[in-house]
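Structure incoming, see below.
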Amino acid sequence: MILTMLIFAVVLLIRVPIAIVLGISGIVLLVVSGNGDMLINSPQRLFSSLESYSLLAIPLFMLAGEIMNTGGITSRLVTFAQKFVGHYRGGLAYVNIVANTFLASIIGSAAAQIAMMTKIMVPSMEKEGYKREFAAATTASAGMLGPIIPPSMLFIIYGATSGTSIGDMFLAGILPGILLSLAFVILVAYIGYKEKFPSKPKASWGERGMSLYKIIPALLVPGILIWGIVTGVFTPTESAGIACVIALIVGLFLYKELNIKDLPSIMVNTAISTAMVTLLIAMANIFGWAMTFERIPQAIAEWMTTISDNPIIFLILVNILLLLLGMLVEGIALIIILTPIFVPILPAYDIDPIHFGVIICLNVVIGILTPPVGSGLFLATSLGKVSIESFVKAVWPFVFVSIVVLLLVTFIPSLTLWIPSISK
Amino acid sequence: SGSSETETKAAGEKGKTYEFKMTHVTQTGHIWHKFAEKFAEELEARSDGRMKLEIYPAAQLGPEADMVQQLSSGSLDFALITVPYLSSRFPELDAWNMPFLFEDLEDVLAAQETEPAQKMLGLLDSQGLKGMDYFFAANHNLLVNGDPIQSIDDVKGRKIRFAGGASVIDFWKGLGASPIAMGLPEVYNAMQTGVIDGVSIDTNPMLSEKFYEIGKTYVLTNHMAFGGIVTASKTKYESMPEEDQKIIDEALAAAVEWGEKEIVAISDKNLKELEKLVDVVELKNREQFSGEAKKIYEEYSNKSELIKEFISTVKKE
Amino acid sequence: MAMRGISDIIFKVEKLAVIIIIPVMLLAMVFDIIFRYFVQSPLIWAQELTLYTFVWCSFIGASMSIKTKEAVAVNLLVDKINPKLRNVLIVAGLIVSALFSIFIFYLSINWITNPNILLQKSITTQTPMIFMYICIPISLLFMSIHFLSWFLESLRFTRAGKVIE
């Protein structure tokens, strides 16, 4: 394991693409642990890690984003928002967080939400004079709300793995989600005050009316998405496909800024930006598989439970462990591996499994932003076209306030348990 | 390290020690996991501690296609693999997915012992696997929202999730339903948002995956047997000395015997629990469905001699 | 130079592939929704087609991201050291990457030529899985060539005393 970590660090630093670094580390771990005969299975693992309907939203939202940017939809959406809140310092950053909060009540996965919003928000914020890395960090952090505010893929998996009511989990996520969203707003206000964020002169009501008129066709995209998902006509994944079609129609026929000749390069861009993320997911899967086979996460968790019988110390240890493991192992896999180990010992510490579930899931969503491995990190940097280093610098204040929220949720059980209790 | 075998001659003891690895798709609350734990216990006891079994639940080592590959290359020792998945690799196994073939779980357990069923286990040999034994879970019923299903007309236009199997898709499509094959983790969300309005599911995941939270009526259709095959790595198994193979066979037989009693016992218990949580109703016009099912039996009997033999054997009993 | 030429040709093929694959993915999904809701007659094949075009597109795109040098990497160290050492480390990283992709390509050839592969079919449409699996060796072959070409180019740069970007 130490040799693996060493090789991981060395190849990472000599500018080997991170996906390849993960693949190499997985293979080294298999070989040094005497499981070299398992190498033959790695191509199959690569394939089946992407053979999942829940990942389909990624290319489709990337495509929708490309079409909306080329077709003039994004720019109109942003102009519209500016005319109304642009005169507040950091107006567009608030728009970003508020839009993500609403989106989170429709979408259940952070990856889908980050893919969709990065494509739209980062170019627009940059045009307004924000730093690219700040725009990407704000979008990716606000995307964490996706699996905390219900519906949530993570809560479903935790509920099923732990035997907790998924409905209760959904209710328990509401207050922590709102708290997280408020924390981001306060953070943005602080950074905005400190760094003198751009603000524009107040727009006249005439300008506002004009931008409202121009925005109507563009609003078809979010409008039809919300209608379709709420009425159950299509799944969130399918909504991404529908978004592409509407964006195409609006771009080609209503705004006429999109040309058939633009389409091939849109496809090529979509394929590359999708692959930059999915190759990472596939290679991280090889690494995670090697770790699971060696029972490394399990061994750490089992060792932890022997340290203390104080629930506070136990929860602090759990948070530290999850934040550390979350740097290396991706979301759902972490829940699947750790839940069966921790949940049986919760009664001994008198911890409610619903409360514990929200703690685990908050840790997991923080983990998608922390380097070196994290789907949110990869999505935001590749789609937002910022380097990992500058992104990490910009995102750490957001990670910090998320940890503060995590601690509040950890030590004030009623934040999670109150809503489920009154709904009974 | 992975399933290493080391000679231990200490204390005059002869024979190898084994660290087997086994995986399956269900959560730890499911009867399949308890069965795997029982198998581990039996192996250890019957080998005087020489055989240890590590269990990886919830498809931790990859989905079923990967399990099969890891078995045939010998990096995995055992897996409990669902029959609907295996029938995509061995079309003859689709015999088990035939709609409305079994009245209840006891029928299914009896069918396992028949000659054609045993022949099917033998088929797994051709892909580097060893079909050790069947281990079923329960019969599938339909959990639906909206009107409960009572006759074949109620099925038309309904979007229902199935576990797979060519004959299953053909049958329900033939009745005018819209069968969808999606992964189990996606079902909860899809059902809650109305993307699907029904799911074919047995009583175990109804409870372990909390599907009672998202469905209104559980119609006891008993339309399909749902189970798995305990599959071993052929190369691994055959490389072992005969006395060790015998220990494994006996340990498995004991675990299966224990598990089958357990399944029968919990299926009543599960149902009683579900009655408190959702509307549980009988299927009124079952003969209507059985009538339609005959067309599928005929179609698939023409495709495979073994399926034909299986259906007629089951019908006779 | 030969390697560069092959890599360029492969990139053209990859572009053409994704220009075909992505519309197919989108159309399959849209037709699925239309047929389910408006025609009430389900398209059994559409879901699988969407899924496997996605997998194909992902792996071909992965190889393309190497050609366009867009794959995410960490510049932290190489940006801070002197140009000579920087070149050496980057060239070393590229040969490691090339060897890794060649190795996985070799493993995937062993995997795909196993006769059992031909017996595997997809769950809903019973399509032979080989049509989907084959994207792994193909994309890894392409990726290996892109890496080798990139490696040779960087090596020439280093010899000429230029700084690799």
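Going in written order, the chains are labelled A, B and C, and every chain counts its residues from 1.
FYI, contacts are C-beta pairs under 8 Å (C-beta built on N, C-alpha and C of every residue); 3 or more make two chains touch, one makes a residue touch a chain.
All of these numbers come straight from a predicted model, not from anything done at the bench.
**Q** Looking at mean CA positions, which chain is nearest the middle of everything shown?
**A** A
**Q** Consider the two chain pairs A-C and B-C; indicate the one with the greater count of contacting C-beta pairs.
**A** A-C
**Q** Mind checking the centre-to-centre distance between chain B and chain C? Centres are C-alpha means, answer in whole Å.
**A** Between these chains, centre-to-centre, one finds 36 Å.
**Q** Based only on mean CA positions, could you tell me how far chain A sits from chain C in angstrom?
**A** Measuring from centre to centre gives 24 Å for this pair.
**Q** Can you tell me which residues of chain C touch two or more of the remaining chains?
**A** Residue numbers touching two or more other chains: 47, 111.
**Q** Indicate the residues of chain B shared as contacts by at least two other chains.
**A** Residue numbers touching two or more other chains: 65, 69, 182.
**Q** Got the chain A residues that touch at least 2 other chains?
**A** Counting only residues that touch two or more other chains, chain A contributes 40-41, 44, 51-53, 234, 238.
**Q** Can you name the residues of chain B that touch chain C in the complex?
**A** Residues in contact with chain C: 65, 69, 72, 84-85, 88-90, 126-128, 157, 159, 164-166, 169, 173, 178-182.
**Q** Within their complex, state which residues of chain A touch chain B.
**A** Its residues touching chain B are 33-35, 37-38, 40-41, 44-45, 48, 51-54, 108, 151, 153, 156-157, 159-161, 163, 165-167, 229, 231-232, 234-235, 238, 289, 292-293, 295, 336-337, 340.
**Q** What residues on chain B touch chain A, complex-wise?
**A** Contact set of chain B toward chain A: 1-2, 4, 21, 27-29, 54, 56-58, 60-63, 65-66, 69-70, 73-75, 182-183, 185-186, 188-190, 192-195, 208-210, 213.
**Q** Quick one: in the complex, what on chain C touches chain B?
**A** Those residues of chain C that touch chain B are 36, 40-42, 44, 47, 111, 114, 116, 119-124, 126, 129.
**Q** Looking at the complex, which residues from chain C come into contact with chain A?
**A** Listed in rising order, the residues are 15, 18-19, 21-23, 25-26, 29-30, 32-33, 37, 47, 50-52, 54-55, 57-66, 68, 70-78, 89-90, 92-94, 96-97, 100-101, 103-104, 107-108, 110-112, 132-133, 135-137.
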